[in-house]
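Chain lettering (A, B, C, D and E) follows the sequence in which the chains are written, and residue indices restart at 1 in each chain.
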């Protein structure tokens, strides 16, 4: 990247995205960014986990990235040089706790002594632990297994597990195959355990090209608007990327909450001033929670999280 | 000649048996179609991918990308592991110097150090090729060292008495003597690189056979997974046949000394 | 004797150089400490883990679990791959029957078919051991087949003329003749199993060195990752030294025929 | 088949026609390689080996002696013609037919004694007996001191003797030997010649013995075969007029006709 | 060192004391193995090899002839004593010292011609010249027809001849030969003996020649060495009284003293 042109647009930008039905994926599907920045070469790099995004940002290989709130919280706790510039989606019903009907589980309390699977280090992992905490269940009384989604499905088929906190399309397959949902991320977020897919920008990049970040947020807003106006059209564009059909894509998008940058200026979300960012608190709480669970070592002060929120590009 | 083609039929038979087993187990619903799709469905997915590509890239480019990465990594492994292996088989000093390092990295799971490679080499092809290279290097190196160890000492002495300097003996005697081992090493290394392909294409790839399988598995597209696996397997078998054919024509004296 | 210990020093030197490089690069901030922690920090994490364990299990049980899986898988590989390899090297018919299957599965990345194993064998140790077994089997098998190919034909004929049935020639001639190759195969296979350890412990494990590394990488605990990697490497090097020592004492005639 | 010299001049040949026919080779030819590398090594060779015969085979280097032996041993299949060994049509390696290779071809992981035990072990002979017989064989070839050594620790001649011991210990009915004494010094060689002769006289095995030493052939053989030409064929196949069970080799060497016979044989070798 | 027979009876020995001393072995002993496996193979051996000498070494199988040759070739280091070759203190394999092994030890991936070219190639001789010289050497040992074959396609004797050609083609100053004609028939052997003699007469290389054939030793050697005992030591080291540059080997064989000398040598072998 050419830093001498500070303030203007970069020649080339690398965006690390994940296949999640949110505004960024729509931007990619519709080529909105390419349209907006005809002179910028945009490299789209697909990632599968927040862990790899963290690595790639640290390596300076991507400028903008998308990761779950949990990996981002871990990243900020470890002082990764990036900042949150956008919330691509708030996880709603897309990640839920599915239980086997026959296992006789009515609430998180009943999970005691059962086998529950979830991909460790993911937002689902966090949600599961939060659900247990909210119900006052000691996680040590539950057998929590680290499985990737496709392995969760395999284990489910074999009846090796009783419940799983996971996302689509695995989640849908579980409910089709004798499963019911008892807790969703939506419900948890209402109780304060918010999980989200977060846009992060390399600090250096944000300093060098604030204009680009700002305009890119504009493009994301455009996508959110497009989705709200014509959800079918959006679903149609997303379907092939999600390896599914239009109806299913539409259903999947509905399980996530898309927010415009304006809405994100609310104190509940990124906020408009560093000290009043609700999301900084969410990240801090997430980190604290992980630390309490001995999943990470220690967490920094709230102000370090606040410093890692980049509100400048949220359009008024 | 008669024996040969008879054996060819045996091979076909065993492949055929496997295919029938597959077909039967899906037709009779022995296995969950979610994980083991029927041959028809896999064929359908294959035709589809051939026609329309997978996630924006045609099939040929997926194959091409993977093969490019494999070929580069493999080339690097060959030009480094063979000379180093020969050298450390020949000279105990070289061995003492480099063996500990190789012995140490060799057993490390790529998934454990891939992050470091990404950190150093970025998310481009460089880190992927480095990972594949590391996977190929160790088995080739070990095979070559073992090959040198088994060369009859007298053969090397004969060469030295004929005026070969240590360097020339290396090139003209040690190397050809090890050819059978080198070919075995190449075959093992090729397998090893190949098995690392999915891991290598896990980070920030948007094409490649490994990525295709991985991506499909995320969306539970088992038909695509099978297409990917079958493709990888077939290409690997073809490459392996090539190496075996080379070994046979290049080392006619093997087992006849 | 003098030469030997001198070479031992060389090995130590190269290890020492590597450690210094590590220390230097962290002390001078050449690398991101987030990914390459300083030796002191790694040592601290090691002491910590020794004292308190990692995520609920003491260090010994992580090591023990992994070694148990490795040992079982490896044992299975040895008792199947060596006889099968000898058989298919010896009899072209056996080779024709089983080679295509092995050649096909061999290059497949474990990550691509692990889910199938989970489906068949569950999330317990069975699927992990199966994965490790598959990783060990192929290189051992190939090494053994190649070993048989290089046995001087006359040696087998001599045995047959001395009254060895095909079966006995197999046991008493083919097998010992292949010992050097078997040892090489074991070394390669051991490396290969080891490199699959992380992948194997990816699914539903709560202990094991591979899992520890993987889990730590999810939470950016690079000091723990390094502890895991160093431990795995050291244990592997020790195992390898054992096999090499065996090879040396069991095959004294290697290279002297 | 020319039978110059030997048969024409001498008719005091011992009759060996009475023994059972153990090996019969009929109009055999052997081709190595394929395509461009094709090479006919033996053409139209017919030969018999009967019980109680000691056939010495002579011939220029590369004329096909070893190839002929390999056909009898069942290591090669004739390209045309028939090879019958002990009544069986298809020659195969078998314990009744012992082979001493031109190169020692010992099992490198077994000590000399255990190399010698190998045949007996394969035939299921009990541990104690096979050990005794193997030690006896090893001692007979003069390697008693070295019985615990591995082959790579032996000298060339010792290897060759160990290989002889290995084959003799298994006491096959037919013994095929490919220049077994080639790497031995005169003294050891004479000693082993005596041993072999005594063994053979006692057991009356059939021996097919390739040698380059004309004296050796004349002193040991009941019948002498000379191979020659390219592709190789039988140039001489005649009873050895010198053969005598009673006389020792030293006495034989002193017999008047010895020198003349030797010269004749060398002549026939030259022209084969 | 006993010098029975030869030196005592004959003083018409050719003087070879005038040539430059190429190899000198002083009080050398050689021990193989370590610990329990330790074995002393040579003890207190002293020997010289001068320019223009043709030394034939005889001795019982396993007495240490090959070991002695390997010391001179620089393949083994003496456990005590000194081995000086061409002025250098530490014997090392080198192109001035050519070796013909007891087992042919050819490079299995090279054709016969290219095996013969090997030494010249290592010495940097140009392609055309080395090809010519190699072909010449291969033809001289009678393998002209087989020059494009790989070693495994050769018979035992052919391999041995190829190995001789390989060493001779490189024209070393000292030639060490370990039973080079052991696997050859009488005719080929005599032919090669002549060739070697002629070559040596023309160039006056020094030849160290291990053989089991007493006749061969008497016909070729300027000096005869008999090794014996265990551990081996020099039993006889004497000029060959029969040696003559003028007479052909056939003539030599007919000389009166030949028989007696031969017997003496055999005797000394027996008692060595």
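Definition applied: a contact is a pair of C-beta atoms (placed from the backbone, for glycine too) under 8 Å apart; a residue touches a chain by one contact, two chains touch by 3 or more.
Everything numeric in this text was worked out from a predicted model, so none of it was measured.
Chains that count as touching both chain B and chain E, per the definition above, do not exist in this structure.
The minimum number of touch steps separating chain A from chain B is 1. Centroid to centroid, with C-alpha atoms defining each point, chain B and chain D lie 50 Å apart.
Chain centres here are Cα averages; for chain A and chain E they lie 84 Å apart. Residue positions 32, 35, 115, 119, 152, 202, 214, 217, 256-257 of chain B each touch two or more of the other chains.
Annotation for chain D: residues touching 2 or more other chains are 103. Shared contact sites, meaning residues of chain A that touch two or more other chains, fall at 51, 55, 58, 150, 154, 157. Applying the touch definition to all chain combinations yields A-B, A-C, B-C, B-E, C-D, D-E. Per the touch definition, chain A reaches chain B in the complex via residues 16, 19, 44-48, 51-52, 55-56, 58-62, 149-150, 153-154, 157, 169-170, 173, 240-244. Interface residues of chain C, counted against chain D in their complex, comprise 152, 154-155, 157-165, 168, 172-173, 176-177, 179, 251-253, 256-257.
On the side of chain E, the complex with chain B involves touching residues 73-75, 92-95, 97-99, 101, 103, 105, 107-109, 118-119, 121-123, 150-152, 166-167, 170. Residues of chain C that touch chain A in their complex: 32, 34-35, 55, 114-116, 118-119, 122-124, 202-206, 211, 215, 217-221. Every residue of chain D that touches chain E in the complex is listed here, in rising order: 32-33, 37, 58-62, 65-67, 102-103, 142, 146, 153-158, 161, 178-179, 182-189, 212-214, 266, 269-270.
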